[in-house]
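In what comes next, chain A is part of two complexes: it sits with chain B in the first one and with chain C in the second one.
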Partner chain A sequence: MGKYIIKKFILLIITLIITSFILFLIFELVPGDPVLDKLGTRATPETIAALRSQWGLDRPFFVRYFSFLGGVFTLDFGVSYTYGMNVSSLLKEKLFINLALSVMSLLIVIVVSVPLGIYLAKHTGGFADKLMGPVNQTAMSVPSFVLGLFITFLFGIVFRWFRPGGYVSYKTDFAGFLYFLIFPSVAIAIPKIAMCIRILRGNILEEAEKDYALTAYARGNNTTGLLYRHVLKNAIMPTITFIGMIAADMIGSGIVIEQVFSIPGLGQMLVNSISSRDYPVVEAEVLMIALFIMAVSFLTDMIHAMIDPRVRV
Partner chain B sequence: MLTVKDLKIEFFDHDLPEVAVKDVDFVINDGEILGIVGESGSGKSMTAMAIAGLLNRKDLTKSGVIDLDGTDLLNSSRGQIREIQGNEIGFVFQDPLNSMNPVLKVGPQVEEAMRIRKKKLNLSKEEMKKIALETMESVGLEDSERIYNSYPHQISGGQRQRAMIAAALVLKPKLLICDEPTTALDVTVQKKIIDVLKKLNKETGTSILFISHDLSVIKAICDRVVVMKDGLVVEEGSVAEIFDHPSKEYTRQLIF
Partner chain C sequence: MNKLKLTNQKKAGIIIIICMILFVLLGFINRNPFDLMNKDLILKGPSLLHPFGCDDFGRDILKRTQSGLGISVLISFFSVFIGTVFGTLIGALCGYFGGIVDDFLSSIIDVLFSIPSLLLALVFVSLFGSGIVQETLALGIAIIPSFSKMMRSEFKKQKELEYVKMAKLIHVPTYRILFVHILPNVTETFVNCIFIAFNNCILAEAGLSFMGIGVKPPLATLGTLLSEAGGYIRSAPYMVLFPALTLILLLLGFGMLSSGESFHNAYSKRFKN
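Up next is the complex of A and B:
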């Protein structure tokens, strides 16, 4: 197991380096010059050269890449072209908001879909199972931002459980911040919950048909014993993989949802910094998102290996 | 000890009833090894599963009598059947790799029949482990401690099948049902598994119902044989009778 963790961790580092290189290369190749963008009509050859050396853009590509890569490990991404501020301090708060939103959505997905999936598998063909078919289909096909609008209307305006647009900063009131995040998180989570339930239910039923399940019955197991001692460990694996995969989607949905709920997260800044060619900000943002996705997939790999001995090679 | 009388199993295929097993009668005496032989689709596995209480699909109907020392297995409640499964009837399946849970160690799987009845048996963890190790050794797993702590994919096919036999035997059942237990194994391993079963039968007097399509295996292990075809019993008799003087054309075809 120790070997497996080390192997996966080294792979994570390699992936991070490759991702950072491709990312850096892309922004090198995109047309448009941030220096000209910033100076606009006031540009003279002297001011251009001055700004270029101030931003370090006169250095060769690889020198700049390695200084960026070094920054990845020290979390120092230089200075924003637009705001003239340190990128890390600029993004810190926004990143935290988006991470909190994504983690909360993931937790909601897990907490709701696992018990429900098990329940529905146990009661296949029952009323709840039959009802869940169309409900699931609906939940899967409605996009998160529409759900966000619906939740804002229902819980914000009709029930008044929260104030629409009334984002609470985590610095002033952490509990209030978490409470406010529940609503956008639910909007992000609902379609994923529907998918997770379907995957888990299907896998439980599939595993329960396998030979080892019959063997377990032949030893005198009842359905509950079979489910928890045997089937669940095998059946939950595709769901874990799926949850790892939707982590990437969580950030994407989060960027849209934060607009619906007026949360000052990464989204607006990402759009602005791309259009103003504020590369240090864009690179830092994209890399942080990539890091989050990698961290989640690392975590799901670990859980996988903990459950399934055949993975630990 | 086990009497099967007029056993009939029907299933519904697209609402049309189809008979899988019909008019099956046979008896297994105490300490006897009875073989059921037949080609695939002859209903031999279905008969075995019905005896072990493993045919619970809703689209199946069963009728007749399966009597194990006075308990009617066909008409008992699910709870009563569960009490018998793994306790009075042990079941060994064809493919030891697929019949083991890949994510559980061998030990807990061998012990499981005991664990399910932990409260009733009043055994501690150490006692259960001791019984499991002893049972594993009795079926020829000398390296029992290591195998106990291995995962199924880490041991050989022969070891797996021995472990599965041990798992079926931990509670010393009266009847051991083996459904093609050697079919998925190499010929050399087959022979060893047969020896293990024969030894077990001789030393403990456990009755064995041995199902196979392979007549040479049946000949090597059984006392008596039931020949099945298309869900019906074609012929029944001692191994010597069946092999030396087969009375039915079908049996003759199977032998030659």
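Up next is the complex of A and C:
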């Protein structure tokens, strides 16, 4: 197990280095000079040189790359071009908000889809199963920001369960913050729940047809025992991989959903910094998101190894 | 070759998509211009003359939905085209030749594969700037990793098969082996990939324009309409309803065609060991 963890961890570091290098290179190759953009008509050779050295753009490419890469570990990504502030202090709060949002919707997905998927697999062909087919297909097709709009209308305006646009900061009222996040989380979670249920149900049915299941059945297990003692252990593996993947997707849906619920998270910041071409902020944000995705896939691998000893070899 | 069986679900998907195309084409005989502002009609609800109602500038929402849907589909079409051509090419070369170039490229593709396509498109929009051409390009590039990953594994599997070895033996040129011999044998994955990519593209495009970094006004896509409507959800909920339903129907159509799969689960399903 220890060896496996180390192997995966080294792989994680290598991926991180490759990603950060590609990212840095891309922004390096963009036409246009942020220094000239910022100075505009005030650009003289002296001011250009001054700003360049202030932003550290006069250093060679690899020096700047390594300081960027080092930023991942020291949480120092330099200074934002537009705000003039330290990038990491700008990002810290937003990251927390998005992380909370993702974790919450992930929890909702797991809590709802796993029992429902198992139930539907157990009662294949029943009424609920027949009903879920089209419902699932439709739920999968609704983009989460559209769901967010519907939820705002239904629960915010008709039922008045929350105030639309009334985001509560986690610093002033943590419970209120969590309560407000429930609604966007549900909007993110619903399409993913539909996908998850379909995958879990499909995997259980597929595993149940294999020889070992038949043998276990012949030995006198009933359906429930067969399902929980034998089939589920094998069927849950692809589902865990899939949940890891949707966790990565959640950050993506999260940045759109923020706009619907006016949550001041990464998405708004990303859009602002993209339109003002504030590259240090964009780079740092994208790298943080990539890091989050890698961490999730690392965790997925670990859970795999814990459940299934075959993976560790 | 002809292995594509049409299930009822796929037939329903095709019917939905044909209806959506007709809906866009009907826009040409709808004589309300999509950008005409009329202050007498501001936030007027649905009526016979304006079945979807009018927006905050008194523009006809039906016409805006039709033209918006058209633009969304056009952008997605060209993006999918770019993604398909380059994705297949990269996937085919990596899968077929293998070696160090493959190792290098596929490690990059693996990383990009796990990043949501909306996010990738966002990065590229930040590089190219916003606008209809830039957005198409950004979305197109964003699909390449997923596409090439799928195609790479297919080509890798096919190259071990007897017919490819035979073709090599009688000196069939490599490009012919790749695109005349192997490609028709992976049609199923290929077509499925195209539909998934289309679905992703429409979703990402709607997301981008919803965040206000898609096409520039006065042009509007479905995402723009929805984000404009979001501000009036209290007083004019119909502004959200009709574009949202259109978008959902379109995605439902493509979802049915690709049997509701995403790249991730299509990949894991096909290449389980």
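The rule we apply is simple: the second predicted complex is superposed on the first by the 313 of 313 C-alpha atoms of A that agree within 3 Å, B and C clash if a C-alpha of one lies under 4 Å from a C-alpha of the other, contacts with A are read in each partner's own complex, and residues count from 1 in each chain.
Here is the rule we use: contacts are C-beta pairs under 8 Å (C-beta built on N, C-alpha and C of every residue); 3 or more make two chains touch, one makes a residue touch a chain.
This one's a predicted model, so the numbers in the text were calculated from it and none came from an experiment.
J.: Is this a clash or a fit when chain B and chain C both end up on chain A?
T.: After superposition on chain A, which the two structures share, chain B sits beside chain C with no clash.
J.: After the superposition on A, what does A:212 contact: first (chain B), second (chain C), both or neither?
T.: In the superposition, A:212 contacts chain B only.
J.: In this superposition, which partner touches a larger number of chain A residues, chain B or chain C?
T.: Result: the larger residue contact count on chain A belongs to C.
J.: Looking at A:171, would you say it contacts chain B, chain C, both, or neither? Reply first, second, both or neither.
T.: neither
J.: Quick check on the superposed pair: does A:307 touch chain B, chain C, both, or neither? Answer first, second, both or neither.
T.: first
J.: Check the residue A:230 against both partner chains and state whether it touches chain B (first), chain C (second), both, or neither.
T.: Touch partner of A:230: chain B, not chain C.
J.: Could you look at A:222 and tell me whether it touches chain B, chain C, both or neither (first, second, both, neither)?
T.: first
J.: Between the C-alpha centres of chain B and chain C, what angle is found at the C-alpha centre of chain A, to the nearest 10 degrees?
T.: In the superposed arrangement it comes to 90 degrees.
J.: Which partner chains sit in contact with A:3 here, chain B, chain C, both or neither? Use first/second/both/neither.
T.: neither
J.: Superposed on chain A, how close does chain B come to chain C by Cα atoms? Whole Å, please.
T.: Least C-alpha distance after superposition: 13 Å.
J.: Identify the residues of chain A that lie in both the chain B contact region and the chain C contact region.
T.: none
J.: Which residues of chain B touch chain A in their complex?
T.: Where chain B meets chain A, its residues are 52, 54, 78, 82-87, 89-91, 93, 95, 98-104, 112-113, 116-117, 151, 153-154, 164, 167-168.
J.: Looking at the complex, which residues from chain C come into contact with chain A?
T.: 9, 107-108, 110-111, 114-119, 122-123, 125-127, 130, 203, 206-207, 210-213, 226-227, 229-230, 233-234, 237, 240, 244, 247-248, 251-252, 255-256, 260, 262, 264-265, 268-269, 272
J.: Looking at the complex, which residues from chain A come into contact with chain B?
T.: 210-212, 214-222, 225, 229-230, 233-234, 307-310
J.: For the complex, give me every residue of chain A touching chain C.
T.: For this pair, the touching residues of chain A are 14-15, 18-19, 22-23, 26-27, 30, 136-138, 140-143, 145-146, 149-150, 152-153, 157, 164, 195, 198-199, 238, 241-242, 245, 248-249, 251-253, 255-256, 259-260, 267, 270-271, 274-275, 277, 282, 286, 289-290, 293-294, 297.
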